[in-house]
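Look at the two complexes coming up: chain A is in both, with chain B in one and chain C in the other.
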Partner chain A sequence: MTLLLLAKTLTVLGVLLVGLVPLTAWLERRQSALMQDRVGPARVNVATATLGGLLQPLADAIARLAKESVRPRGADRVLHALAPALALVPVIVMVAVIPFGARYTIGSTTLSLVLADADAGVLWFFALSTLSGLGFVLAGWSSNSDYALLGAVRAGAQTVSCQIAMALSLVPMFAIYGTLRLSDMGLVQDRSIGLGGLLSNLDLGVAAEWLSLPAWGIVQNPVCFATFLLCAMAASRQPPFDSSSAGSEIAGGHTVEYSGVGLGLFQLAGVVQLVVIAGIVTAVFLGGSAIPWLSQDRIISAVSGFYGEGFATLICMGAHAIAFLLKLVSVIVLQVVLRGSMPRLRDDQLMDWLWKGMMPLALLNIFATGFVLVAVGGGGG
Partner chain B sequence: MSAEVLLFDVLAALAVFSAAAMVIVARTAVAAATALLACLTAVSGILVLIGGELVGVVHLIVHGGAVTVLLLMIVLLVGAEGGRRPASRVRDTAFKLLGCGAAVGIALVVVHTAPGTGVPVSGVESGATIGPGAASAAATALHPAAALHPAAALHPAAALHPAAALHPAAALDTISGGHRAMGLALFRSHLLPLQVLSLLLLSAVVGSVALAGRRAD
Partner chain C sequence: MAEYVGVLLILALAVALTGAMLALNLRIAPRRDLAAKRDPYAGAGGVRSAPRRRFAVRFYVVAILFLVFDVAVVFLHPWSAVLRELGSPGLVAMALFIAPLGVAYVYAWGKGALRW
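Take a look at the complex of A and B:
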């Protein structure tokens, strides 16, 4: 059991740090360049092959490690050193609650493809993202710089405001699924919603079975998807919600006095946050690892006829992991599209938007969803 | 020594050390707030360890996250030394005593109207033992005597009893189902204490608006 957990942890950390983080960092550069009609990373090469800038993240990492870390005069020595770690560690821990597969039974063992199958999975995401925000606030305060302090104050206000709107925006999904456990949410979404009466008059034969929608969160409550994604992006201080670190206004805000490894850790925290948000959105709204129209039972029963059930389960597991990664990467691409296509919100505009826009919308969505659930007599409750 | 006991020892040591040594000794208020965060995180870890996962994570969100951020904001905006001398010491003390009295009154109402916390419980009743705060659930379940003491139900520290780490299953039995059991308890059997507690929040909102308004003059 312990060995299995260790193997899962190493696999997840490996895929995250060697695969997804560099890929995301590259996407951020390359995709933004395409959107802004620039060339993008084109210098780093191996024997003149630039590979579309794919090696740029590696070069960035080496640059961060090689550069000197400067601590400004009058800065708080302990907190200035501690802040990057406080920003990064919670974000890495968040990865533990994201299910990258469903639950499988091979023989007598049940295997769940998630590191910590926490009963209150989504709540851990909320708790840890607040803690990570504290790292940024402390970074700004401990730097003994006016720009950094301004960034810290903005980051603090943003953290508190975003958390409320973000948590409220996800409540309808709890009501729909009847669970807070992310792996259970994946299982609930692994089915299809028939279009019912709409098509029942037509004689469609076999095709009728395929004319259905996957029971994903985004299909069941699209408003929830939009509000949560935007609030989560705002909570992670990505553009266009980056007024706390606005480069053209307060010169980098809370991270202005960081260089070398410290700055690298903050940037790593930002990239991992992008991946984590994509993971949570995939798990809650995009069916987790489920493949549309091909439920787990269906895949296993189709394949086991040829190879036996154990092997069929393994194939299903692999297919699920690939499906999850594809969805994850597409949400990352979506986030980069959003951050590249909108102008930055000013500090007060951001507060306005969160408190007077997102929060009432999320509350309204809670009531509307509750009303529908009671009317239909469904819901998990 | 089992892993749970070891983990409990580490977390408990961290909580006590960060609270006793660092929060009090810290030179700046921001450092003290950071140490407080470490303490709250450790307490939340202990709550998870004894099976109160929901309580632990909510504790981390509300106290570790939101409250600490607000605390830091206040400290770094006004400074720890900020604040004016009251105009009249006698009137100030009177108001303080009145506030204390109100708080104790609310605490008494909450404790005595909450099923399973006002009277000594014989054995563990399912559902009914879950108190208004998560900690009270864990405390009552693990240590029936805690229910005798009104403060115990309100104070998370009650859950820190070492026995908790030895019998994580005891807490799991009462809080199994986590959010479901908690929701049912809060909105059915403990609705009145919950609403009384919300008075406290309301008074805090009124108080902060009054303070902010006075400064604007």
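Take a look at the complex of A and C:
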């Protein structure tokens, strides 16, 4: 049991650090370059093969590790050194609650593709994202620099404001699913909603079964999807919500006094955050690991005719993991599209948008969804 | 509590990994100390001021508002998970609970606490 858990942990960390992080860092640079009509990373190569810039993240990592970390005069020695670690460690720990698959039973053992199947999975995400935000605040505070201090207080205000909007924005989904456990949300979404209405009067035969929508969160409550994705992006201070580190305004803000490995850890934290947000959005809104119109029972019963049930379950597990990763990467692409297509919000615009826009909207959505749920007494939102 | 063992495990590995990166940097990065290099960045003009100065009070106001609203949000989470079982009495109860908060929100807005 312990050995299995250790193997799972190492697999998840491996998938994250060797697979998703370089891929995301590359997407961030290459896709932004395409959107801005630039070439993007094109120098780093192995025997003249640049692989479209795919080697750039590796080169960047080596450069950060090998460069001097300068501490400015008057900076708090301990806090300045610890802040990057405080920013990075919580975002890595967040990965523990992301369900990369559903729950499977082979013989007498039950397997799940999630490291910590916590009943308060989403709360972990909220708590740890605030903790990571504190790392950024401390970084700016401890640097003894004007720009860094400005970045720190902006990041602090943004972190706490986003926390409320983000926590409110997901409540309708908890009400619809009746759970806070991320893996259970995946199971609930692994079915289809009939379109009903006129269609049910037509004699469609077999086709009727396919004329349905997957019961994904984004189908049941699209407003919730939009508010949560935007609030989560704002909470992770990525563009266009990056007034706390605005390069062209306050020269990098909270991280202006960081170089070498400290800067590298902050950048790594930013990339992991993108992955984690994509993971949570996939689990809550895009059906988790579910494949549309092909529920887990259906896949297993179809395949077990040929290979037996144990092997069919394994095939289903693999298909689910691939489906989850594909959805996750597409949410990362969506985030890069959003950050590439909107101008940066000024810090006062950002606070206005959060307090007067997102928060009332999220609260309204809670009671509208709650009303529909109670009135219908089950069914979709 | 067994499900949290995975969290502890990944926490230990994340700390070890971060520590390893910091240690590796200490080991292989060059260290050439120059007085100018340790100056905090102060823009192209190089005008320095005292960074540990006072800053706008609005940041404190946001912190206070956060405390007020976040505590209420915490109550919404367990409520939402069982809303289906609670039915309409649950919905009305939560609306009554949130209503004073709505008053506080309107008051804060009217007082200009949300204006930046």
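As a working rule, the second predicted complex is superposed on the first by the 378 of 381 C-alpha atoms of A that agree within 3 Å, B and C clash if a C-alpha of one lies under 4 Å from a C-alpha of the other, contacts with A are read in each partner's own complex, and residues count from 1 in each chain.
Going forward, contacts are C-beta pairs under 8 Å (C-beta built on N, C-alpha and C of every residue); 3 or more make two chains touch, one makes a residue touch a chain.
Here the structure is a predicted model, which means the values were calculated and not measured.
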item: Contacts of A:Leu123 with chain B and chain C, given as first, second, both or neither; value: both
item: Touched partner set for A:Val78, first chain B, second chain C, both or neither; value: first
item: Contacts of A:Ile300 with chain B and chain C, given as first, second, both or neither; value: neither
item: In the superposition, chain B vs chain C on chain A residues touched; value: C
item: Partner chain(s) touched by A:Leu180 [first = chain B, second = chain C, both, neither]; value: both
item: Partner chain in contact with A:Asn144 - chain B first, chain C second, else both or neither; value: second
item: Which superposed partner A:Gly156 touches (first chain B, second chain C, both, neither); value: both
item: Chain B versus chain C as contact partner of A:Ile332, first or second or both or neither; value: neither
item: Touching partner for A:Ala290 - first (chain B), second (chain C), both, neither; value: neither
item: Intersection of the chain A residues that touch chain B with those that touch chain C; value: 118-119, 123-124, 149, 153, 156-157, 160, 163, 180
item: Chain B residues within the chain A interface of the complex; value: 28, 30-31, 34, 37, 41, 53-54, 57-58, 60-61, 64-66, 68-70, 72-73, 76-77, 178-179
item: Contact footprint of chain B on chain A as seen in their complex; value: 76, 78-79, 82, 118-120, 123-124, 126-128, 130-131, 133-134, 137-138, 141-142, 149, 152-153, 156-157, 159-160, 163, 180
item: Residue numbers on chain C that touch chain A, as the complex places them; value: 3-7, 9-11, 13-15, 17-19, 21-22, 24-25, 28-32, 37-43, 48-49, 51-53, 55-56, 58-59, 62-63, 65-66, 69-70, 73, 76-77, 80-84, 87-88, 90-91, 94-95, 98, 105, 109, 114, 116
item: Chain A residues within the chain C interface of the complex; value: 5-6, 8-10, 12-13, 17, 64-75, 81, 84-85, 88-89, 92-93, 95-97, 115-119, 123-124, 143-150, 153, 156-157, 160-161, 163-164, 167-168, 171-172, 174-175, 178-180, 251, 256-257, 260-261, 264-265, 347-348, 351-352, 355-356, 359-360, 363, 366-367, 370-371, 373-374, 377-378
